[in-house]
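Before anything else, here is the set of structures, which you'll find just below.
After this come two complexes, each holding chain A, first together with chain B and then together with chain C.
Moving on, here comes the complex of A and B:
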């Protein structure tokens, strides 16, 4: 919205760190984040979970800022802040009212130079192990941890973000330091800002705070994906519901068909108003029956989920697959496509309503694709993606190479 | 933010329906909602769950608008929309870009005149039963369904929003119609709008669309609460974690001490930076250890949650209670209070960043307390609540009358 007032700012520091911004003079707040282009896909099995564990350790601070100092500073700033780790990136971010941008940049920059003290590491390991253990009582989460690894078939996109109890237990502080020293290169990091800020001041301060971080080379592997196809059943007599995960090969984020794949998944399985919704959820046959598309660097996937009464699981799963295969056999309609476009554009627009929401979209896009896209361009690209692009994707018959795994009380 | 530009609008139609608005000339979108002052606390045991079930039925439409028409209209409008039911209210809401306010008001107003067809009712009952069944594999949800009912001790705030499999199965369409005819009185409904709109146009359209709804009396009971105190253990050998729910008597939403109670809970158990956080979560002893305060009409409660390894459950629960009792015995500090104030003000500010976020705050406040509060007034009230108010609450020793219930694999 108000796209005409927006301005994109972009600079690269001498050490390779890129600073980007989307300036909105009407915004009352400013979002800011360091996006590190590293995640579980960059881990070897011995250090599985290190990216996420490191994200936690970053908040333990350094010689100048203790964990308590960091916590207090964010509170005093009135900042909303957090961090997350995915397969592809680790992001540290915060939002403040616009006149506190400088102080936010200071504390976020401190975070990026963590001491990784042994004593902190030993305690934080327990925190991570608790987080892993927490999911034991969440069957859908357990299911997807298993399914993602199996589907990707030793491709690094199948690496678990949390790691396992064993891999985290075995991890040493020095291994984490080595990972940091290998992955947190300035050239592998973007500092992004969105909302109301003064570009010259941000750039000068970024140069002062981050410009001296030593530069070095980093590398990400992009092996070819050879995904797993087939059916699996996991029986857990303690469960009450039948949970199913569904995967099929999709397209990579750099593929021009990435929007077509998202729209196709939306027609088939969006949470509301899709074929799967009308056939299974709206009829009260399943509490969830969905399909979405995830585009990552170098590879993508269609990912679905079904949850239902074990007594009718066979019929529900049959119908679930039938809806997907019918779309592949007979295609989808122009009306369905247009409504998926409208829903997708609406979602993009409302997620971009705040500076932080906008930052997550444009900075992630920039980090992955190397170019800036305004919200208007993004929405236009979705609205101009033709039905024929979806039809072409179906002609490649992605759902012939699908993987379905169930977790439930019966075999 | 930008509080100086805001204007509050208010009118009451001849049939008692109130129309309120918070106009923000800088907003690019507009949020709108019908807030019905009815929820599970207004249900008798025979119709437990009818408020929530009715919320679903509303989207089935009437003679002029089918379920499909409703779905299509929201899609075409580019609206984000949804509904929810709580103990106290049922809310139907949507957001659009500002020039589509009229069309959004049209479709939301249609929703409020549902046909409640028998055929739709029979199918939707299955949807509700699936939603109830879904929680069987979510132990924390099961725990709180039980704990809330037990703590409130036959007070209507203990009524389940979803109802039970039995109550929903037994419910008839005519019982739902009778509930609608008793509770959906115009005088029991508020139409609220936030963001960019033309007040005269909204009011004229509201009068045309809703002004002829017949007026009648409604009534909500406010019995005195006599909450349950004690300890309970529920054993489920199938679980992997120990889940505990904690309750203690709090203050009602109309109590001047409602902010003090929230701040007190924040010092003791906010998700980040609280005493419970530092003692249990930060040390890796529990994946969750929290306390918050819920202020409802006529009564309130402190509500907490702990999740941990069953092997150390005794020690963790002992520490959890010790942290709370220590606060009661020895009080809290000015520094802790101030940081809780800052955190709370920050949360309020960022939740108000979008018109829809703002609407949920001011319209709910207005419905409950009968007065408008701007964000600035709200933040000031939080920041000006003195530590002494928290100390006074502790002097009443609320945590002496607490209730703790565990759900886990061991007895």
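Moving on, here comes the complex of A and C:
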């Protein structure tokens, strides 16, 4: 992980698929992933949840590999593998000990050409409905499903990743195929590899396995966001705690102030040693009171969460808002800023211990911004972000346009 | 194919005159260093009627140390870029620090201060207890976590049945004087372990550790032996969409030959998405999103917990398929299953060995559970040594015992 040992590799196949790698001669393992630039923000309401459902279906295989073949192949490689879907991307990834890179690339590439068989689709639909039911039983998750949609106010970033019981129940296999045919273009996909690998071999194999995927154009909408502001209360007498979600407009991932926004959120609401921590968690008034910043393409948000006793919720929420507004009115200090920088930089360095941890960072960054950033560059950028950038963000008074919604037994 | 562990270097060990055991796994290519201080205090040794004392003590310990009050202590850590973690469990509690190896000396000094020179300020006691009460209350809105607490409470007869969170009555009965007395009885160095992994040189680190922790004194209380309650089936009423299904049964003690054999067998059952449980319960029948069985260990005692979450009307079928798969283990596993299971375990040994946090935790756990740390090479060698014959002989002689089952959800 010493910076001078690392090498960045980059190529674009004829059909537009980009292949990137960060080679680390010290790594014992190699991480690899296909990052598809598609997610719930690319869905229409009739197919809400299709990106995530498709992510499950991809593991069901094609005419060459059955679902069991796929699972067995990953197991034979000793791969740690998985996939996830967000508003903006769908990622299929795995790690293996370094001499199995070729076999991992084979099976991951096979995943990207799924058959979407009707019988598999019917069984997997039940699994997705169980997943939705599981999250129904997690109040914070249920709250954020609601809050995200309301805050984004019909902007596509408010689309639910899971979809609803109804939208998933109503979804057909052909609708999923149409979505796949519209979104899974090679130009919309990055193959990323990190750790110990041979670049020439990876590139040759990627060309052989993915170079024939037919190219076509894809399009993502970037409408202006007009976010919702206000307060809401949702009552559920079965709950024991008061859960609150907090949103305020932030900055987009393309914005040079994205690190400043995240440092600002860290000063105000990191899990430990932040202003919200000292005012609420340290005093035992809430077991969770946090604020973070999420930068997405074209828009961003400050997002917070509070968990507290229903009986003292009013006082706790008042204090929560006061801490945030106080930062906006009076600013933050150089000491606080430097501590947030150190916290962030150390966190990035620890995540980079494993090839997979590193891959998620540089590959998503590359997909969004079209450029590679080494760990050293990333850490430097965080450490060099001036307090003034945070102050500038506060001058725009983002927390005047905030949204707070509570979910709990209180009426 | 090879399974070369990331680090071939030996593990360095040291026992301070006060009894603190120290183990360091060098990972010289990394700039990071992770440290786990494992303390011999948990809910199983909480004084009767004061369940939750270890939990509050663990929180209180982190609120200032030595010359620094709570806020100053936290700021000093942030100034070094230290990230704190850890938690309080049934048998032990951990304080974990992660930092750049270049600040090892001041960071280890601050960690040591929390146990060598704890402040235990009155003003910090009530918030510590409040936080514990709130976390206990939050469990009620987290059905899966609540299920595991309810399950283990019914699985064990011995004090290991007690939740690490404590009980409301126990937490309310605590006082600052009482918890200080408890610390005097339990917070000694002789049962404590310091695991370190990452960049840094051993000769320098051992001097820093000896200097920082050498002045620590105190005693410990013995850990009761883990013992199980009679097998039973229980239901806990809760308002929820899904039925939470949990099961538990005894397994070989950690570090024994049988434990390696059993872990390979368990990997066949539930080690991956190609394993039996996932295939039968989710892939073929679509009964659940989540299903698993995993090994847990206490000192000298191993057990297995199983989990499935499903909507109420499918709960009976889900449990039936789960139990059938447990029963089928007695028939043995195939050569191909064994090979995949060993490969999966060996691979995860290599992967966990790349991260400093998991490595430091493993060193501390090994010493706590069976008295000595293992190198990655030893773990790999033991797994590679498990043969098909050994697994199938073991499973034939030791069929999975009837589990204790707890369901949590709407009345069935």
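Going forward, the second predicted complex is superposed on the first by the 410 of 411 C-alpha atoms of A that agree within 3 Å, B and C clash if a C-alpha of one lies under 4 Å from a C-alpha of the other, contacts with A are read in each partner's own complex, and residues count from 1 in each chain.
Please note the rule applied: a contact is a pair of C-beta atoms (placed from the backbone, for glycine too) under 8 Å apart; a residue touches a chain by one contact, two chains touch by 3 or more.
A quick note: this is a predicted structure, and the numbers were derived from the prediction, not measured.
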item: Touching partner for A:100 - first (chain B), second (chain C), both, neither; value: second
item: Partner chain(s) touched by A:116 [first = chain B, second = chain C, both, neither]; value: neither
item: First, second, both or neither for A:229, with chain B first and chain C second; value: neither
item: Those residues of chain A which chain B touches in one complex and chain C touches in the other; value: 1-2, 26, 28-29, 71-72, 75-76, 78-80, 95, 97, 123-131, 133-134, 136-139, 238-241, 243, 272-273, 281-288, 307-309, 339, 342-343, 345-347, 349-350, 353-354
item: Complex contacts: residues of chain C adjacent to chain A; value: 1-6, 29-32, 34, 63, 70-71, 74-75, 77-84, 98-100, 126-131, 134-135, 137-138, 140-144, 239-242, 271-275, 278-279, 282-290, 309-311, 339-340, 343-344, 346-348, 350-351, 353-357
item: Residues of chain A that touch chain C when the two form their complex; value: 1-2, 26-29, 59, 67-68, 71-72, 74-80, 95-97, 99-100, 123-131, 133-134, 136-139, 238-241, 243, 272-273, 278, 281-288, 307-309, 335, 338-339, 342-343, 345-347, 349-350, 353-355
item: Contact set on chain B toward chain A in their complex; value: 1-2, 26, 28-29, 71-72, 75-76, 78-80, 95, 97, 123-131, 133-134, 136-140, 238-241, 243, 272-273, 281-288, 307-309, 339, 342-343, 345-347, 349-350, 353-354
